[in-house]
Every structure is written in structure tokens, then in C-alpha cells.
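Quick heads-up: structures coming right below.
The same subunit A turns up in both complexes below, where it pairs with subunit B and then with subunit C.
Then we have the complex of A and B:
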């Protein structure tokens, strides 16, 4: 089965440089300080942020620094095969990576001696889970009012034969590499970069470039959602 | 911070009591009013059947995954159904990460009890070939936001997801032992009963609250869950300790439970039809 048809279209009818539909929402729940939900095609992720609050274990507390913790879990029905353990070494590695990303993006000096917890729940996985998790966490942090240096947006890309393809689905990553990049879109700084499987050195550059342009598109849709959320909220507040 | 909020923090018991004295709850409901319920089925495409249920602020999601398994030696003609409830720290700061806590295990056990005592499923229908092949339905319920009344929400989502299940056709060739799985999912799971549960929080001997929020649960002492079948027959009652009650109170609970049956089953029905129309 060809990933790209002779007409230049992919399985789901997109072109090589077309993102899947992104829809996101802020502030679904009142219990956590911040919560967000993002849908990138069939990948659906929910994130909740608790904090900044007091550090749970005193041994971890640093008076001039902020502790950032992340935990990713997958629901049992999120992928083709049933997930037996919601938290396995793979999700733990993802948690560490997300925590690492936000170590760089949160203005930690603003929250000395406190802790910020990010809980991410993968509801459905269809490629680009890591980037959906990062995007959802960013939105949840924004909703929680945590000060960020900039948005953190993430996108994936891959290579099929000689064409670079963006925002890959699960099926498309089966026999290709998956490059996940997260960056600060306004500063154009790369926060994290992660590839799975091998990719030729010469192909790396175009794939990364494509992923970075994808990030900017993701940023636009996230930005517009945040703006419309704030507008709605402001309308309610001024009504009182 | 308003003075009400300060009062709530310093004297939570008094704050709460003053509402109950007026036969009201802090969220504005009366003592026998339930929260609005919304159901959506088919929310996770990767699952064979799924449903998301919101009761007030409580949100739960149930996904049913079907796997092929070998029947147990003791019951060679029966398939399996495995309910499981998970509570992650994502849904409430009360829950810790790690192995399932008491509350999650209690809820899993409750659903298992309901399946057995209502006899809703004929497990033999899940068997494809005696002693060789059978369906195993893993029903995983995840809480997305916890605001009380987990048991009711879990059971409603479980029932809705189970009615949404579509299994592919499977044939088993006895000679070659080859399994052939059909491409389109078309076979529904036949349910013989549709149990509906209603939870009450006991606050004092006279005052009981239907459909408790997390706050009601914290303030009250113990819950009673009454499970009734669609024809009003009693399925199970779950009362794990707490305040003592008389049998008159229990009768009252059953009466309230009966009112819920039609409402909730209609709601599931409507969600299923809505999804059928959409697809």
C-alpha cells in the first residue's frame, strides 16, 4: 500500500504538506488550575495542570527554583491493541521529556519553592502523540495562568521515499521515521527534537524544515483558540 | 475572596449545614434533585464501543476493547467480560498516581457485581468455538473529572459503551485451526437487562442527598447505591458502612431509583440513535 498515491494525496486525502484538522479547547474542568483538550486529527489528548502549589516532598524543594512534574497515561482503549498498563516505561519517558520541555519554557524564577504538576491523558493515539501532549500541556499551562517564556508548540514530520510529509498518522510511521520537534514559535528556538527510526542525513534538513513550518501553523490555531477563550471570558467578567 | 468563600474555608461544617437547613445544597439543588446528564457514544474510534458521560461536573469515559482469547477450562462455553475503573490524578487532586486505589477498586468490583447479579449478558454468546476461541471484552472506565457520584457515572458509561459495541464476524476452522476475522464490525452485544443505579449520600438520619457532588460526599457519612433493572426489579444494593438507616429510608431510595430508570435508559437510547444518524 502506498502512503502517497500517484496523484500526490495521502490515505486520508491530505497533500504532503497539509496538517490534520486541529481543534482545541481551554478550561474544560474547574477542579484543576488549568485544563485543556486538543484533537489533532484522530489523536485526542487531555491535559490538566495543578499548581503552582507547595512542593509535596520537602527533599525536592529548592528555594530558588520550581519543581515541574509531568505524568502521561494512556487509557486502555486508546490504540488498536488494548493497553495493559496505562503507565509503562514508554509513557514515563514521555513524561520526563515533557517535563524537560517545560523546564525550559516556564519562567521558573517566578515560582521559587513551588511545584507545578502536569497530568496528561491520551484518549486516542493516531501518530504524533508526543506533540499533541506538548500542545495540550501548553494550553493547560496558559489556562492555569503560569508564566511562560513563549508558547511551546510541537509538530511531527516524516519522509516517504523522496517526499517529506507532515503530521504523520500511525499508519504512516509504520515504515518510516517520525521526527517530533517542539519550538518557541515567536523566538524561533528549538526546545526539543526527537527522532525515531533512521533517517538519512541529507533528508533530515527538509524534514525538520517542514516540521518547523507545521509548528507555526499549529501555533496559529492554538493562538486563535486562546484569544477566543479570553474574549469569551472577558465578556462574562465585564457582564458582572 | 467573598465572605461566603472565607466562611466555607474556616467552617465547612457550619457552612454546609446552613444550606441543608433550608433544604438546599451549595450548588442550588434541592435534596432530591439530580444533576443534568449528557451521554455521547462512539467517542473513541479505536475502541469497539465507547461512551462519554457527564453528570454535572463529573465526566467519565468508557472504552470497550474486544480481544480473542481461549475460554477457561472450567467454563469452555463462555467468553469473558472484564470491567475496570481507573482514577488518575488528572481528574482530582485527591487521587495519587500508581496502582489503583481503594475507590477505583471498589467501583470496578461494583460493576462486576452488577454484571453478575443482573445477568445482563449471556457469556455463552461471546463464545465462538467451545474450548478454543471466545471474545474477551475489556471495559475500561476512566474518570476525566471527579465531582462525586462515580458509581452511577461509571455504570451509565459502561452500559452505553456496551450497547455501542460492534464486533467483527469471526470464523474458526477446526481442521486448520485458522482464525478468520471479518473486516466490518457489525455484530452487537445482546443485553438482557439494563440496570440503572442511583446513589444517595447519608448526611443524618433524616437527611439523604440524591446524586452527591464531591462536596456532598466529603460532608456526608457513607453512600448507598441502589441498582434496579428496567422493569423495577431490585438488582443489588451497595451500602459500605457509614450512617445507619431504617428500612423505610431504603424504600424511599428504591422509589427515587425507579424514577431514574426510564430517564437514564431513554438518555442512553437517544445517544445511540444520535450516533447511528451521524454515521
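Then we have the complex of A and C:
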């Protein structure tokens, strides 16, 4: 089966450089300090942020630094095959990577001796899980009012034959490499770059360029959601 | 049984009254606020290459040359003199650790509380041993911020009869930015309950107690009549719905929501339903704007 049809369209009717529909929401729960939900096509992810709060385990506490922890879990029905355990070595690796990404984006000097916990739950996985997790965490952190240097937005891209394709689904990653890039959109700095497979050196550059333009589009839709949320929720009165 | 899915109601844009054209500027993290270097950077902003950038999402407020961005939700920052509510998390040597919804647990020293019996008694070795008898893990206390040390640790004090351990009641945690700044934090509302609006976003609702019983380190386990319990429950749900719709929490707004909920004959449990919450919130805003 062809990933791209002779007319230049992909399985779900997109062109090679077209993102899937993104919809996001802030503030789903009351209990965590911040929470968010993002849908990138069929990939659906929930994130909740607790903190900054007192460090729970004394061995981890650093007096001049902020501890950032992340935990990714998947629900049993998130992909085609039933997931036996919510957490396995792969999700643990993802958790570490997400925590690492936010080490660079959270203004840690503002929170010495504190801890910030990010809990991410994958409800449905259809390609680009890692980038959806990062985007959801960013939104949850913004909702929690944690000081960030910038948004962290993430997007994937891949190569099919000689065409670079953006925001790949599960099916499209089967016979290609999935490149996940996350960056600070306003500063255009790359925070993390990850490829799931080998990619030819000459193909790397166009794929990365494409993923970076994708990030900017993701940023626009995330930002417009944050703004509309704020306009709605802005404390209406300042009376006595 | 009435089961409902937690689906989202249409957003309430109409609730926000148009305050002329002077709407504050909205920024999100990473957005440039100004290129002008003469401004001072306040909370929620940072400087980079002589450019002032926002680090939280919120509205820009400018006081003279100081620019700050206030986010909708944030942990409690602390200000000296605030009356706040906290929960004891640890009992340590001569001090308690108190969760006050801040980025670090606050500290309450044994020397900073008014010991039972004796007005200005010095704390003795017995008191140190018996600290758990005064306050133990999980107890709620009403305290005052005495000092904020350089590393951001909040030091608390309870050297007055109005502070101390809280007895029977309900705690509600809301965002600190929604609580109206006020000198008076403890209010005996006309509906027969005492509400403490902690500046840290913790709101405590108790049945009204006679003055002579206020603040000791013993808890009154007397049974509360059902009517009073219903009032407490209704107040809690009213505050919850106001906070849910980001309406500032003050005695007036709470009482107004409470009266609205009684006027419209809503049951206490009805107040947790999304459409009723919205209904009461809209009615409250309209009443407050009159």
C-alpha cells in the first residue's frame, strides 16, 4: 500500500506538508495545579501538573535547584494491541526525555528547593505520541502558572521515498523514520531532537526543516487556545 | 440515579462586560512585552537581550514603570501579614511544617504560637515534647505570615487568639488569585456560618462559634445540627461554582451567590451540576454589577 497516492495525497487525505487537526483544551481538573488535553489527529493525550511544591523525597531535594519529574502512562486500549502494563521501559524513557525537555524551558531559578510533577496519560496513540505528550505538558504548565522561558512545541516528520512528510501517523511510520523535534518557537531554539530509526544524511535536513515549520503551526494553534481560555476565564470583577 | 457526562458547556463570553476600549494586553510565555528598557521587570516577566519577555500567560498590568504579568492560576507567593490557612505536614524539632499551597512548605515555630494557659508563657521542654498534643500531622491551622526569608521560605506566626487550630468545618482549595485582598479575612456571614478566606486560596467554612470558644488548641467535637451543616454545604458549593467561573471570591459575592441559590430554590447537590453552576454564576455577576 502506498503512503502517498499518485495524486499526492496520503491515506487520510492530507498532502505531504499538511498537519492533522489539532484541538486542545485547558483546565480539565480542579485538583492539579494545571491540566490540559490535546488531540493531534487520532493521538489523544491528557496532562496534569502538580506543583511547584515541597519535594516529597528528601534524597532528591536540592536547595538551589528545582526537581522536575514526569510520568507517562498509557491506557490499556490506547493502540491496536492491548497494552498490558501502563508503564514499560519505553514510556519510562519518554518520561525522562520529557522531564529533560522541560529542564530547559522552566525557569528553575524561580523555584529553588521545589518540585514540579508532570503526569501524562496517553489515551490514544496514532503516531507522534512523544510530541503530543510534550505539547500537552506545555499547556498544563502554562495553565498551572509555572514560569516558562517559552512554549515548548513539538512536531514529527518523516521521509517517504523522496518526499518529506509531516506529522506522521502510526501507519506511516511503519516503513520509515519518525523524527521528533521540539523547540522554543519564539526563540527558534531546538530543545530536543530524536529519530526513531536511521535516516539518510541527505534526507535529514529537509525532514528537520519540515518538522520545524510544523512546530510553528502547532504553536499558533496552541497559543490561540491559551488566549481564548484566558479571555473566557479572566477574573470578571474586582469588587470588594 | 441521575448520571451525567462531564461534557463542556458553551463558553460564557457574554458574561464579561465590555469595559470600554481599555482592555488589558494579553500575553503568553515567550511573547515580547516591550522593547523599552526603561521599564522595570516585575513578576511573570524576564529580560533577554534588553527585551522584556513574558514567562506566564496572563494580562499585563502596569504600575508606573513596573510591568507585571499575573497568571490566572498560580501557587501562593506569600506576603507579610496575610492571614492564611494551612495543613500540618510534619512535626519537627521545635517547629511544624505547614502546607500552605506555596512552592515550599511553610514553617511554624513553637515559639511563634500562643501556648495554651498563660498569656506570655515561655515554651518549656515539656512543650517541645508535647508538640503533637498541640498540633499533629493533618491538622488545619489558621495563621499569619510573619516573615518571608531570602530563600522564599514562609515563616508563620499564630500569636493571637484569633489564630490557631481550626475545628469542625469544610476546607476548599481555590486559586489564590481569586481571593479578594482584604484586611478582614474572617467573616461571620449572616446565614449562620463563619468563613475564613485564606489569602493562599484555602477557604474554610465552619459553623459560627461563640466568641469565648474561639481558638484553643482543642477541637470541639460537639454535634453540629443538620441545618447548620446544610448551610455549610451550600456555601461550599457556592464558592466552588464562583471559583469555577473565575469570579472573585469575597463575602459579598459569596453571599450573593448563596442568596441566588436559595431564591431559585436549588438543592445543595444541584449546585454541583454544570448548568446550574453557570446559571447561578451568571445571576451573581448580574447582581454584583447592578
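Assume the second predicted complex is superposed on the first by the 234 of 240 C-alpha atoms of A that agree within 3 Å, B and C clash if a C-alpha of one lies under 4 Å from a C-alpha of the other, contacts with A are read in each partner's own complex, and residues count from 1 in each chain.
Keep this in mind: a contact is a pair of C-beta atoms (placed from the backbone, for glycine too) under 8 Å apart; a residue touches a chain by one contact, two chains touch by 3 or more.
All values derive from a computational prediction rather than experimental measurement.
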Clash-or-fit label for the pair subunit B, subunit C on subunit A: clash
Touching partner for A:34 - first (subunit B), second (subunit C), both, neither: second
First (subunit B), second (subunit C), both or neither touched by A:90: neither
First, second, both or neither for A:71, with subunit B first and subunit C second: first
Touching partner for A:197 - first (subunit B), second (subunit C), both, neither: neither
Contacts of A:60 with subunit B and subunit C, given as first, second, both or neither: neither
Most subunit A residues touched (candidates subunit B, subunit C): C
Touching partner for A:223 - first (subunit B), second (subunit C), both, neither: second
Subunit B clash site on subunit C (candidates 43-51, 223-231 or 277-285): 223-231
Where subunit A meets both subunit C and subunit B, residue numbers: 30
Touch list for subunit A against partner subunit B, complex: 28-32, 42, 44, 46, 48, 50, 71, 73, 75-80, 82, 86-87, 117, 119-121, 123-126
Partner subunit A, residues of subunit C touching it in the complex: 8, 11-13, 15-17, 26, 28-32, 44, 46, 53, 55-59, 71-75, 89, 97, 99, 103-105, 151-152, 177-178, 180, 182, 244-248, 250, 252-253, 285, 288-289
Residues on subunit A engaged by subunit C in the complex (per definition of touch): 25, 30, 33-34, 51-54, 63, 107, 111-114, 142-151, 184-187, 223, 226-228, 230-240
Subunit B residues within the subunit A interface of the complex: 43-47, 50, 57, 59, 61, 63-65, 67, 84, 86, 88-93, 97, 138, 140, 142, 144-147
